[in-house]
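Two complexes, one shared chain (subunit A), two partners (subunit B, subunit C).
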Partner chain A sequence: MIRDAALVAAKDLRLELRARVGMGQVLPFAVLVLLLFAFALDPDRGVLERATPGLFWVGVLFSSVLVLQRSFGVEAEDGILDALRLSGMAPAAIFLGKVAALVVQLAVLEVVLGVGVVVFYDAQPAHAPLLLSVAATATLSIAAAGSVYGALSARLRSRDTLLPMLLLPLLAPVLISATRGFEVGLEGHAGGGWSWVALLGVFATLYLALGAFLFRPLLEDA
Partner chain B sequence: MIRTRPNPPKNFPSTGSTYRRRCLVPDVGATVPLGRSAGRVDGPDRPPALAPIVRLRSAVALLGRFPALAGVDLDVGRGEILLLRGPNGAGKTTLLRVCAGLVPVTSGTATVLGEDLVRDRTAVRRRVGLLGHATHLYQDLTVAENVSFWARASGSTVEEGRAALERLGVARRLWDLPVHALSAGQRRRTSFAAMVCRRPELWLLDEPHAGLDREGRDIVDGLMVEAASVGATVVFASHELDRATGVAHRSVTVEGGVVQGGLLAGDAVPAGRGS
Partner chain C sequence: MSTPPNRSGHAPPVASGPESTSSTGTRVLGAAALVGLALSVVYGLFVSPPDAQLGETIRMIYTHVPTVSVAYVAFVVTAVSSAMYLWKRTEFWDLLGASSAEIGVVFFVLTILNGALWGKTTWGVFWRWEPRLTTSAVLLLMYIGYLAVRAVPADTRVRATRCAIVGLVAVVNIPIVHKAVDWWRGLHQGRTVLGTIDPEMGGNQLVAMYLSLATGLVVFVWMLLHRFRVAYLVERAADAGLEEALAERRAERGTPSVEVAP
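On to the complex of A and B.
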């Protein structure tokens, strides 16, 4: 299973390197969202500083929808879902491979957005271990939940609009927890922040288990 | 009635033994001798103890609520090349997809490669190769990357994928091109290579000659004949009857979701049903 998951992850990352959709479209979109928030809130600098964690994660969530649409859109083209079903790879391995590739792509996105909030919003990462832990668990949650709903909507003609409508409400708890965790991390008081990491860890575990269990029927129905 | 195996096409590609062993010999265990002569697969010489590779009885398959297959009776023997004839919309593609385990059988019985498709249609999938109208290729990956991925995904090696590409006549200079830059014919050959390198025991081909030039068609015909000669089974649908009937051992007509003449000689017809 690990071999198949690594194969799928490597294929997805190679696809991204070839097509450069993330680099060419998603990253500029994410930076643009940050800039627009800065333009809208800059007159009241205090509001911008207080809203930084939320704006960061809203930017990540919106951008992740684009990454997910691309990731599952290519699987829906030209009979590839059939080929995946015929390949003999375990559906759970395909799911884990997709999640792994998404985690890498979202991590790159978050690094860029992280630099963006430091530059544009004057954010100061006071407690890096907490911030990194929040980012890691939240990213895993987004990738796992996104893969479940990405597969669900893959073959639907309305997938471009359906995916964000299904996914964003589901990720609201992740958005809240990651935002609270980042607030604590930016303030430098790590103590209360680890409970948010633990909660995000529960979300990530839940979505991963759900995805590994559900991916076979999702692949069949896709 | 099964006809005598025809001679291979004039441009039958060379049958390198390494390729034969790596890419065409299915994992069929010790019950079937490998590399048997072409004549062995004809009806009269088929070992009587072997059950048909494909056995459908009164099989019904629905697409939505439409009965794309409306009670199919069909047997296909090991090493046989079976041609499915019939007009558009007759159910040929659905029949191939049922045999691949992609479309459920809602009533009747269906056994493919010993697997009961009614009970579990996933087990047979890794043992069949399906080439349909879609290419099953990632447009942004190169030819070599695509074939390598599908080879490894099915447990074959990268070398087997490359051997298949060479066998399909995909020029090496094209291997590093993304698939979207290829012509339709080269995409078809690449797609065929990705299927062949999986070493399927049952080849399910939907219009395998479509989009190919004469050389490519000859290669495909040669591969079908060679696959059957080493014990794989080929079921293909084609509208190019002149070419297809020259390759097939037997042909059946699919029309209105049923197969006419789908049973092998001597097989019992279910009570109350015609064949």
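On to the complex of A and C.
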């Protein structure tokens, strides 16, 4: 199971390293979003500083839709999903592999966006352990929920519009929790922040379990 | 359903089915719903007194509580149907889940409209980032997503599986959205009506409240039965259309046709 998941994850990451779609297109898009926020919200009135946690996570969410479309778009072409199904690997292992590869890609994205908000918005990462915990649980949540809906919409002609429509409302609580957690973390007193980490942890666990359970019908019928 | 003219002279490929979606059960339910609605109007608008704090606007609660309750019941029915579909793989659970989700969305829209109107009269604005309104908006968008998946043309089994998955994922998210939004808006107290004021209800106010709630549930069951039967007939019509198209193609090619079982 773990070995199969690692195989799928390694395949995805190798694909990504060779094609560099994420590096070449999604990362610049994420940085572009940060710049657009600065244009939309006057940088001289302190709005950007106050909104930094929210803008960071909105940037992550929008970019993650692109990463997901790429991750499952390559599977939908040439009947690769069927090939994966016939490979004899457990659907849950395939799911976990996809999630693992997505977590790595989203982590890279978040590092770039993190540097972006430090440079452009003058954010101060005051409480690193809390910020990292929020980021880890939120990333896992996005990857787990995103993989379920990514696989569901992969073979649809309308997937480009359907995926964000399905996924973004689902991730609304993740956006709220991650934003609040980051707010606390940037202010430097972790106290109330850990309950957000706990909520994100519950979310991630639920969606990992749900995805592992739902991936069989997803691969077979959807 | 009437038998369509048969150009190719084969046995009519139309499945025999009911001519309408009503039955004795739905007629009784429909009558009960009408009586309940009439009584709710009488109690909600005339018999029950205005509230000490909320004044006349308490009357909006008599429609708000039933619509939101029905919406949640509908989403739970969709979730149970989704789980049952993935287990049993029968058309019944697929159609039940989809029918229920559709009604749930309608009632949720009514709930949000009602809440916004209440907000305009009480707060002076249509929308506040009040926990219950916010939660409703997010959940509504999730279930509109369900209907969007439903609307994507696909093989029946594929569509049913997709919908079942979305139905399950969405219902798991309901408590999480509640929790996140409550903490976000700093709401820690218990259940309140419309989030801000908890009216002390008594006597005829409670009668109006429970009467409208019960009526709402009867209306839901009535709508669900009809919607389910419409969905069932749509499937049969699609089957019949497919059979007819097949028969026509066979006739065109001059190959002997397979008779459809009467």
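Throughout what follows, the second predicted complex is superposed on the first by the 218 of 222 C-alpha atoms of A that agree within 3 Å, B and C clash if a C-alpha of one lies under 4 Å from a C-alpha of the other, contacts with A are read in each partner's own complex, and residues count from 1 in each chain.
As a working rule, a residue touches a chain if its C-beta (ideal position, glycine included) is under 8 Å from a C-beta of that chain, and two chains touch if they have at least 3 such contacts.
The model shown is predicted, which means the values in this text are computed figures rather than measured ones.
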| item | value |
| --- | --- |
| Partner chain(s) touched by A:Leu156 [first = subunit B, second = subunit C, both, neither] | second |
| Partner chain in contact with A:Ser87 - subunit B first, subunit C second, else both or neither | first |
| Touching partner for A:Leu199 - first (subunit B), second (subunit C), both, neither | second |
| Contacts of A:Leu166 with subunit B and subunit C, given as first, second, both or neither | second |
| Which superposed partner A:Ala19 touches (first subunit B, second subunit C, both, neither) | first |
| First (subunit B), second (subunit C), both or neither touched by A:Val148 | second |
| In the superposition, subunit B vs subunit C on subunit A residues touched | C |
| Contacts of A:Asp78 with subunit B and subunit C, given as first, second, both or neither | first |
| In the complex with subunit A, residue positions of subunit B that touch it | 100-102, 122, 125-126, 128-130, 132-142, 145, 149-150, 152-155, 178, 194 |
| Contact set on subunit A toward subunit C in their complex | 145, 148-149, 152, 156, 158, 162, 165-166, 168-170, 172-173, 176-177, 180, 195-196, 199, 202-203, 206-207, 210, 214, 217-218, 220-222 |
| Residues of subunit A that touch subunit B when the two form their complex | 4, 7, 11, 14-15, 18-19, 74, 77-80, 82-89 |
| Of subunit C, residues touching subunit A in the complex | 86, 138-139, 141-142, 144-145, 148-149, 152, 154, 157-158, 160-162, 164-166, 168-170, 172-173, 176-177, 179-181, 183-184 |
